[in-house]
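Paired with subunit B in one complex and with subunit C in the other, subunit A is shared by the two complexes that follow.
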Partner chain A sequence: MKKIINNVEDIVPEMISGLVRTNADLVKQIDGTTAVVRNDPKFKENKQVGIVSGGGSGHEPLHAGYVGDGMLSAAVAGEVFTSPTPDQIYEAITAVDQGQGVLLIVKNYSGDVMNFDMAKEMAEADDIEIKTIVVDDDISVKNSEFTQGKRGVAGTALVEKIVGAAARSGMNLADLATLGQKVIDNIKTIGIALHAATVPAVGHPGFELGDDEIEYGIGIHNERGYAVEKIRPAKELANELIEKILKEFSDQSGDFAILVNGMGGTPLMEQYIFANDVLNELAAKKVKVSFSKVGNLVTSLDMQGISLTIMKADADWIKYLKEPVTTIAW
Partner chain B sequence: MKKIINNVEDIVPEMISGLVRTNADLVKQIDGTTAVVRNDPKFKENKQVGIVSGGGSGHEPLHAGYVGDGMLSAAVAGEVFTSPTPDQIYEAITAVDQGQGVLLIVKNYSGDVMNFDMAKEMAEADDIEIKTIVVDDDISVKNSEFTQGKRGVAGTALVEKIVGAAARSGMNLADLATLGQKVIDNIKTIGIALHAATVPAVGHPGFELGDDEIEYGIGIHNERGYAVEKIRPAKELANELIEKILKEFSDQSGDFAILVNGMGGTPLMEQYIFANDVLNELAAKKVKVSFSKVGNLVTSLDMQGISLTIMKADADWIKYLKEPVTTIAW
Partner chain C sequence: MKLELVDAKKWITLFVEKLESNQTILNELDTAIGDGDHGTNMKRGAEAVTAALEKKEPETLADLYKTTAFAMIQKVGGASGPLYGTAFLDMSKAVKNDDLELSDLIQIGTDGLKRRGESDTGMKTMIDVWQPVSDALKADKFDQSVIDAALENVKGLVATKGRASYLEEKSKGHIDPGAQSSAYLFESLIEVLGE
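Let's turn to the complex of A and B:
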């Protein structure tokens, strides 16, 4: 394993320290935690609902890269591929609550769901109103190694953007939770890997693929997918994923948003080529794309691969997606 | 070779198409070229000096990702690791000239320097005033495979940011060229590779490193560096590069800016850990860091590695670096 790290046990605190120190105008760290909050003096005056997300590290820029005006109020980082602890999540909640309550955005993994739930109970004991939405956009497999039901993957970035923009506009907690759940229900993602991620504490890739093989339907923690096949041209990969995803939408009229997401080790060049093929195929199918985003938004360490997210969107959601934010990475 | 592409000869047009179609609110393509210009109706009214850059593809988001208000007016993409042709550069110049002249920002590679020079002559024949600055920030080797003198690498992004902000503020062409050259003279970069890039038309990595080896001083086109050694902890890598770079600055007082740049296949996690070590070491040496940036800004396809850029900065330059822009990728 070759990685630019020091001691394996120091990876997360050193990473968070690097992120905060190089973006001190945007974010700050809560003392004694790996939670990151806005460094925005006006935030408290605006009396918004707080938006807190988090999860295991290794998916950067998710979540700390999305802390800022118009998106998250705070992000909590666990160890690599491991949920943050309830006390760290609780610290983030109390740091951002302005008396309007706090919405928790959780990816659907058993450890995250459990720990965010415990933090919710701790905060409710302080009379902070909490609601939780659980993102489960990965349609490739029904149950997986680390969760019951579908996994939460790249679509999480879209949820955080839409809900964050709505919170900035003054929406209350109950409406934000309803909006967030409706958004989640309309987001579908599938990923493919060319090469698995290497977890630092493990020291070798999570699974092996042949020199000409890719795996369809992988998760963001090296979870296996639904098929290993020979690699094909980008346009055929795009068509494979689009076929599967569009089956999930009974109504293909109206606005759609897409996210082409790099998994960490795949260059932008390939992401843009794939996005071009996705737009060609969706145009051929008369699916109207009103918002698109390309980049390394929700990664899996050094995994080489890509995921496609398609969202059926209300007009309001497109507006929320397009609004400017002040974050490190959106 | 596993890459998410179609035909090798279509890589650049398909990539540019994907970039433009997914960012149609920000940029547009000049018909019949791989040049990208601002999609900004107000740009022409402002009567700014045009700023045009470009070069071989494979370094994304450089340059097209930096087209927008406050940065580049246009970017011209050549084939992978190959200069754009003079006629494409000329098209970009004529598209953005507003009668105030155009500044060309060129990375120091023989092919780029020659082709931008030919485009300059073509534009001057149209009575468009042109000045050129050549970025040569890579201090690791004196001459290299593709150039005389030092190579132009990640520091190019800082040059584009500073000069772009100055152009927006109304600075004239002669002053922009003087500013740009002064900035270039104060930017120093060294890169390291853990794994070489695979050029699509070649099909295998440009060079081989052992499972525990890294190479110091590599360029962004698989040019070899100054040493191959066993990998060391991130903080030792940071110290190695800092020692070499700081020797280039006789005066280490005043403001400095740093850029920690991922080479395309290295995750943000490792970039932030490295940045944290860089800041620790610079603090120990009493070097004042007034601006820092971390990310995949100037890449080399799927190369795994990182580069460190340190710039000695006037106060104005720090202000220019911090000003908001409307680009895809800064």
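Let's turn to the complex of A and C:
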């Protein structure tokens, strides 16, 4: 394993320290935690519902990179691929509550759900009103009552952008939770890996693929997918993922948004080539793309791969997606 | 049967020792059907429990379980932190009632796990060890064979909760790492009761 780190156990605190020190006008660290909170002047001036997200580290720039005016109020970083603890989430909640309550955006993993749930109970004991939305956009996993359910992956960034913009516009907590859930229900993502991620504490890739192999349906924590096949041209990969995702939308009229997301180890060059193919295929299928985004938004350490997110969107959501924000990474 | 403070302290201390010495085994079990860090996370929790108990000697059973709960909640992370944390926190609240039997205490912890994890027996989780232990205590038939049988049963189950649930049938044949760490908890209890 080759990584630019010091001690494995210091990865998260040192990363957060570096992040806040290089972006001091945007964010600051909450004392005694690895949570970051808005530090821009507008944060105190414009009172709004607080938006808090968080999860295991290793998906940067998610979530700390999206803290700022128009997106998240605070983000809590756990150990690599491990949920943050309730006391840290609670600190983030109390740091952003301005009397209008706090919305928690959680990815659907049992650890995240339980830790945020405990933090919610702690904050409610302080009379802070809390609502939670759980993102589960990964359609490579069956939505079954016999499993944890679908996972939360790259679509999380779109949820944070839309809900964050709506919160800035003055929407109340109950409406934000309703909006967030509606957005989540209309986001579908599927990912492919060319090479697994290496978790620092483990020291080797989470799974092995041959030089000419890719895996369809991988998660953002080295969760295995549904098929290993030979690599094909970008165009064919795009068509394959689009076909799977569009099956999830019964109505293909109206506005759609797309997110082509790099998993951490795939060059932007390849992401743009793939995005170009996605737009071609969607145009051929008469799907109207009103918003596109390409980049490393929700990564999985050094995994090589890409995910495609397609969202069926209301006109308001497209507006929220296009609004400018002041964050490190959107 | 009730557990007195001096024995309860021994119980927690033995549990913490087992977590520290079995880190690798727990990580390996978790690598097979999860994300490979249950041993590392529980060891971090174990060290936090030890540190918290050394910092302030608990004067009551409620103190002891609460200190254990808070250390687990703050340091373990993942799913195991809130699960163990909730079990011990609920036990801490309940033990303030002096008449509480040990079997009731363990059932309260088990109910806490069910509530926090929105789960029940048969889903290949910690509960598949906690519930049989609670039942055996109620029937006054608690010994090592109860734990062994519970682990053997867990091995044959298909996971329907937590990260292992994505493996569906492939989760069969493996011991759930949380069930194994719970087995250490109750093996520690047997050692205390046996004295």
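Criterion: the second predicted complex is superposed on the first by the 325 of 330 C-alpha atoms of A that agree within 3 Å, B and C clash if a C-alpha of one lies under 4 Å from a C-alpha of the other, contacts with A are read in each partner's own complex, and residues count from 1 in each chain.
As a convention for this text, a contact is a pair of C-beta atoms (placed from the backbone, for glycine too) under 8 Å apart; a residue touches a chain by one contact, two chains touch by 3 or more.
Bear in mind the structure is a predicted one, so any value in this text is a computation, not a measurement.
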Partner chain(s) touched by A:T82 [first = subunit B, second = subunit C, both, neither]: second
First (subunit B), second (subunit C), both or neither touched by A:H221: second
Subunit B versus subunit C as contact partner of A:Y66, first or second or both or neither: neither
Touching partner for A:L194 - first (subunit B), second (subunit C), both, neither: first
Subunit B versus subunit C as contact partner of A:R21, first or second or both or neither: first
Contacts of A:W317 with subunit B and subunit C, given as first, second, both or neither: neither
Per-residue contact with subunit A, leading partner among subunit C and subunit B: B
Subunit A-touching residues of subunit C, taken from the complex the two chains share: 35-37, 40-41, 73-83, 85-86, 116-117, 160-163, 165-166, 168
Footprint of subunit A on subunit B - complex, ascending: 2-7, 11, 14-19, 21-22, 25, 57-58, 60-61, 65, 194-195, 211-214, 231, 233-235, 237, 260, 264-277, 279, 292-294, 296, 299, 301-302, 304, 306, 322
Subunit A residues touching subunit C - in the complex, by the definition given at the top: 78-79, 81-87, 109-111, 114-115, 117-118, 141, 145-148, 199, 201-202, 221-223
